[in-house]
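Naming follows writing order (A, B, C and D), and every chain is counted from residue 1.
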Amino acid sequence: MEFAFTDEQEMIRDSAESFLQDVSTSEAVRAAMATEAGFDSELWQKICSDMYWQALHIPEEYGGLGLGYVELAILFEEMGRRLLCSPFFSTVALGVNSLLVAGNDEQKSTWLPQIAEGALTATLAYTSQNSWDAESITAIAIKEGDGFVLSGQYKYVPDGHTAGLLILAAREEDSSDEEGVSLFAIPADTVGINCRWTPTMDQTRKQAEITLDNVYVESSHLLGEAGTAWPQLEKIVQLAAVAVAAEQTGGARQVLDLTVDYTQERVQFGRTIASFQAIKHRAADMMLQVECSKSAVYYAACVAQEALFSNDKAGEEVAEELLVASALAKSYCSDAYFHCAADSIQLHGGVGFTWEYDPHLYFKRAKSSETYLGSGSYHREKIAQAIL
Amino acid sequence: MKISFSSEDEQFRQEIAGWLKENLKGEFEQLRHRGGPGDEHMFPEERKAWEQHMAHAGWTCPGWPVEHGGKGLSINQQVIFHEEYARAGGPGHMGHIGEGLAGPTIIAFGSEEQKKRFLPGIVNGTEYWCQGYSEPSAGSDLANVKTKAHQDEETGQWVVSGQKVWTSLAHESDWCFVIARTEPGSIGHKGLSFLLVPMEQTGVEVRPIEQLTGTSEFNEVFFDNAVTDAGNIVGKPGEGWKIAMALLGFERGVSTLGQQMHFQNELDQIIEVAKGNGSSKDPAIRQRIADAWMGLRIMRYNSLRMLSGGKDGALQKEAMIYKLFWATWHANLGKLAMDVLGNESEILDEGGSYELTRLQSMYLFTRSDTIYGGTNEIQRNIIAERALGMPKEPKGR
Amino acid sequence: MEFAFTDEQEMIRDSAESFLQDVSTSEAVRAAMATEAGFDSELWQKICSDMYWQALHIPEEYGGLGLGYVELAILFEEMGRRLLCSPFFSTVALGVNSLLVAGNDEQKSTWLPQIAEGALTATLAYTSQNSWDAESITAIAIKEGDGFVLSGQYKYVPDGHTAGLLILAAREEDSSDEEGVSLFAIPADTVGINCRWTPTMDQTRKQAEITLDNVYVESSHLLGEAGTAWPQLEKIVQLAAVAVAAEQTGGARQVLDLTVDYTQERVQFGRTIASFQAIKHRAADMMLQVECSKSAVYYAACVAQEALFSNDKAGEEVAEELLVASALAKSYCSDAYFHCAADSIQLHGGVGFTWEYDPHLYFKRAKSSETYLGSGSYHREKIAQAIL
Amino acid sequence: MKISFSSEDEQFRQEIAGWLKENLKGEFEQLRHRGGPGDEHMFPEERKAWEQHMAHAGWTCPGWPVEHGGKGLSINQQVIFHEEYARAGGPGHMGHIGEGLAGPTIIAFGSEEQKKRFLPGIVNGTEYWCQGYSEPSAGSDLANVKTKAHQDEETGQWVVSGQKVWTSLAHESDWCFVIARTEPGSIGHKGLSFLLVPMEQTGVEVRPIEQLTGTSEFNEVFFDNAVTDAGNIVGKPGEGWKIAMALLGFERGVSTLGQQMHFQNELDQIIEVAKGNGSSKDPAIRQRIADAWMGLRIMRYNSLRMLSGGKDGALQKEAMIYKLFWATWHANLGKLAMDVLGNESEILDEGGSYELTRLQSMYLFTRSDTIYGGTNEIQRNIIAERALGMPKEPKGR
């Protein structure tokens, strides 16, 4: 038991911190978020070729660095802190995790090296509804010959209009809930797939709607077994939730820093406003939430690491622990980030709600990331089910 | 203490409700529920036309005394007027700063000439007002005003220089009332004056402030040797603070009930969404909707207590909590709206670069409610110090 | 529409305020709460004969003062403020209201004059469960000859061990929920009735358990019609909830005053602690809650007045309004009182949690009154049912 | 960063768990889950006997270095020790102030003689300690200590006069460490010393403070020319502040994990009640139980970060939030317990004049958690000033 970062992990954080401080400035974020793609492809290529982050937790046998989920969480935290606009989250937290959890060796060998090279981005689509549970999957997969015909709709898909590889969930006809779910890995340019950008309130992470119109795919695109993929999908979603929570933690840290800095400068009634208890105590509460967010995320990342890569532990025990650890992290960090970002606007006073200052960017990201994969109360109910 | 209206009042309710039904249609139909807080920049010309339409029928400034062009309505009838106006979806008054602030101030403190010159334009909907209070470095601290004014030795005109901020509707206004420092070297509350300055002149520049909604309801206003006639000072030089404080009292009147009907309309829309998408079955959402409903009711009862209480414009306890309560309530309503919408809360309207839906716009704009017009923190200071008699903060060391 | 107190109402408040300040001191409360009866019978007789409060809203034809519910709410507020230990709440808010709502003229003539004279106290018992809805009634009333035989148990009955007249709810065998409920007015010394004090955490209002062992009563004790009394009982409970909310408002006012006074005296770090923003802002939030509590209660009292005494208004409309107005008042004031009392302890610092200082008395009363007749969230759900 | 224990550590877990199972029974059975916060006054003699029973087996002060009578356990093994102790329902340590505060302070700053004199009594469970920090007029402000001490010119003994407050277990203790002002006329942090004073003497009077629970866990301690030998000062005269600050660091150690297991036990009882009376089906209660469970987990992770981090006793960020977090969490847990109990929350245990149930007692006592040992407000000041570098409050005018 050692709940501190190794020197190597600290190095990863330091290099991420200094790199992102240079490339993901407020100006860069604002330029990228105004585009439909939502990211600067030059910067993305630079990340892929210079930093090699997209390959971080891809095993070495598939061309990756073979590092773990704690290292990944560090990156997500730093990216969230700088609101990095990139397809990293969708490609790594959704795409790579899907292939690692549900793919067979051939599928991993096909896709992971391309991702590791920076030649391919990916995402995951499953819900078409206003929820994130199994019943939100409504796309239908019908067995036909040696393959499947897929039809249906997906909503709220991160980077769904730019990703090269789509991980898609679909269900057998007449199945419901957790039954009959299958996962597929399908190139986005497959015939019958239409991906459309849906502009969002938070402009720093793009969403898309995807419609499938009788899309035929070979069985080789099926991840795992047909009709029984819900447990895999659930695990992928839990791993992704840990990544979101890490981003949220970084964002919360940054709004705290912005706020402390601003209040130290701003003078009212003859004092810097940072000297008022009303401000100090709000900042203290923000810090408490930031520190607790970190603890929740680092722990969840440790569990995610075991769930993804450890073979020596009882699988079911780790699966149960991942369920509660990811729900805890997503729930706590969602609420903490929202509160910190909202307080950041408040403590900035008049300039806090201008377009010019940055707090609103974080505030919007806090809300969109709270919503994505389910709110705090949604995840608390998951915990209640586990403990009551 | 009783809560029912007299039959006379109920008859008045029929009258205004009927008039609105007959008139808020046709070209004005599109204005329903528009132009409220967060939406004030929308349809300015059309809303001015509506204001004049109301003026023709004698419905502007209904609470003003008859001698100044109003209807001299009783408090109860004013309550009814504002309720029915908001219930009908009447658009945000373009003239509300004139009707609610500039006018009452001129009536209370202005000269006869000023009353003749300025009140008819407000009543007729032909002249619009904005307020020049906040400054970038003063924020909520009016005693720190830096805008200066002096009298030109030759013309006697006031010459104003400085910068105001958070001025809504500045680009649509004909006049601005400005708190300026007219005694050079004075500090704090002393040496301030209350000036009426025309906006259409080279010395006045309006720069919109882009808000987190992507739109611009507020502005910065730059005065660079802007001028106004010698007579356009309310009260005497140096009485600016006194007048400004009285004006704060005018802000909390019957119009709060109209604001509440606007809130009710937002809450109704949220309830409709909740019923539509099934989130009304979520117990946590149910609690929050009930809580929002309760808060709005309480706001109404607070207002009724305010209106029934001391009529001298002095701030009662229930008036002092008003801003803190509604601003916090509204911010919570914004969050509730988004949580009721769930995943759909992110999706923008079609077309345009950043086309927020009504509820999204409301949600984002509510983050300013707890800041402008005195932050929640300032409100709590005021309550603690003025209502509870607790000591002031020590000044800086 | 006039939402301000009349001069007469202000006079009632003034006289209640000065009387209670004298007789319901901290010492008097502590002495009374240490007894099993829970009140000083001399003081109660003084109230009955000098102040005539117990007769306040009893119509003149039954020997009362014939005043209204707003006047009554004023008294409850002032009593709550001083934690008056007396059977006033049970006798008036439960007993008198029950008779006014459900009694026929003969029953009113039998009991109300005795109450008005101060010769009789009363209470209401219905629940035997951990809830306050109709299904919490489990006592059984069986028709037998010209009367009824009652058996069963009641819990959480205010002053149930000292009241002279018991208003009891019982249901027909095999009935459930809102069906089959009857109300009875029965002297506590009737054969087969056993009333036992159950000591409670809040010592300022006593509770009892009542058991009925084949209690035979004549039909003349039946209030209203057999089997259809739930609407009447619901209305009585709503009226009582308004009274509790008024008491809570008074309590909240008092803890605010205690707190402001204490913080003005206590010096720390070279300043009175009242000069710290952390203290001031908490006090400001308390005042906001106090003012809103008042608004909620005064409005609900106006509605209660109409519901009890007005004949000219559509009954159903008033009934609906009483439902939401009482739920609003009970919900808001329960939460506000708890927060104010808890904050009062906090802002008193070390002495706040001693037995010697008074905040804990209010804190305990806040909790017991929050629980009694249902918590804030219970009443919010009632509102949700009405508006959703 | 990894969260699993080594097999060696897991073996240690078996050992201590087994010992507790074998020994916490018979006469000690009644002590299970007793003597924790809010219950510290219960079974003092029996718990002292238990302490000595543990000492015989070498289980007291397991984290101390072997040379001072401890087991020299690694951090991980200490974590395991405290977890298993609490899991078994081990009673509140009568010696925890000696083991956790007095002992470590003497080890860090005491003379060799002091170590020889005082450490064995702590390890053997024969001498018990209390702390003399807070004072009535000083509250959370240690720099305002008024208790005085001087050296008798003849005997060289320290003579102590003054009043301490919120001293738990004072009447069960043999020694008290006292912060006293030894330089006459000194102010603030200067001129304070750290003295070890025997409780059994005529100059020391202990008066229990009755709490809102009706019981007395805390005391006032009056020193009226109480004496202690010249050698019973830790460090030099005037070093009291430095030592007291270091001691604050000792407070936040592995024992926090034991506290958490105690909390877990309370939460488990609440969950049991909720399942029993059906409130576990109430969605709002479900949310709150999940939230409590989350908070406890987070507390644990915070502790693990603290323990894995800087070992120099300096306060890290995660240590600074610890008190604020657990105190607030625990107060919420108390409220949750009552709300889960519903109507039953009011009903006392049978017998006795004010016989609170365990959960009632916990609920009421949690109201002191956010006050003693530095109020939440003080904690927020510390966080803002020391962790975030925000300015100090201006002193009084």
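Just so we're on the same page, a contact is a pair of C-beta atoms (placed from the backbone, for glycine too) under 8 Å apart; a residue touches a chain by one contact, two chains touch by 3 or more.
Bear in mind that the values here come from a model prediction, so they are computed numbers and not experimental data.
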Item to check | Centroid comparison with subunit D (C-alpha atoms), farthest chain | outcome: B
Next on the checklist: Quick check: more C-beta contact pairs at A-D or at C-D?
Outcome noted: A-D
Checklist entry - In whole angstrom, how far does the Cα centroid of subunit C sit from the Cα centroid of subunit D? => result 42
Checklist entry - Rounded to the nearest whole Å, what is the centre-to-centre distance of subunit B and subunit D, using the mean of the C-alpha atoms as each centre? => result 54
Checklist outcome for this item: Whole-angstrom distance, CA centroid of subunit A to CA centroid of subunit C, is 52
Item to check | Residue list for subunit C, restricted to those that touch at least two other chains | outcome: 271, 275-279, 281, 377
Next on the checklist: Give me the residue numbers in subunit D that touch at least two other chains, ranges are fine.
Outcome noted: 283-284, 287, 377, 380, 393-397
Checklist outcome for this item: Counting only contacts in the complex, subunit B reaches subunit A at residues 134, 137, 139-141, 144, 165-166, 209-212, 214, 277-279, 284, 331, 338-339, 342-348, 353-356, 360, 364-365, 367-368, 370-372, 375-377, 380, 393, 395-397
Item to check | Complex interface listing, subunit C residues touching subunit B | outcome: 1-6, 9, 70, 256, 260, 263-264, 271-272, 274-275, 277, 279-281, 283-285, 287-288, 291-292, 294-296, 298-299, 301-303, 305-306, 313, 328, 331-332, 377, 380-381, 383-384, 387-388
Next on the checklist: Give the list of subunit B residues in touch with subunit D in this complex.
Outcome noted: 283-284, 287, 394-397
Checklist entry - Hey, which residues of subunit B end up touching subunit C in the complex? => result 1-6, 9, 76, 79, 271, 274-275, 280, 283, 286-287, 289-291, 293-294, 297-298, 301-302, 304-305, 307-309, 317-318, 321, 324-325, 377, 379-381, 383-385, 387-394
Checklist outcome for this item: In the complex, subunit C touches subunit D at residues 34, 127, 129-131, 155-156, 198-203, 207, 267-271, 275-276, 278-279, 342, 345-346, 349-350, 352-356, 360, 363-364, 367-368, 371, 375, 377
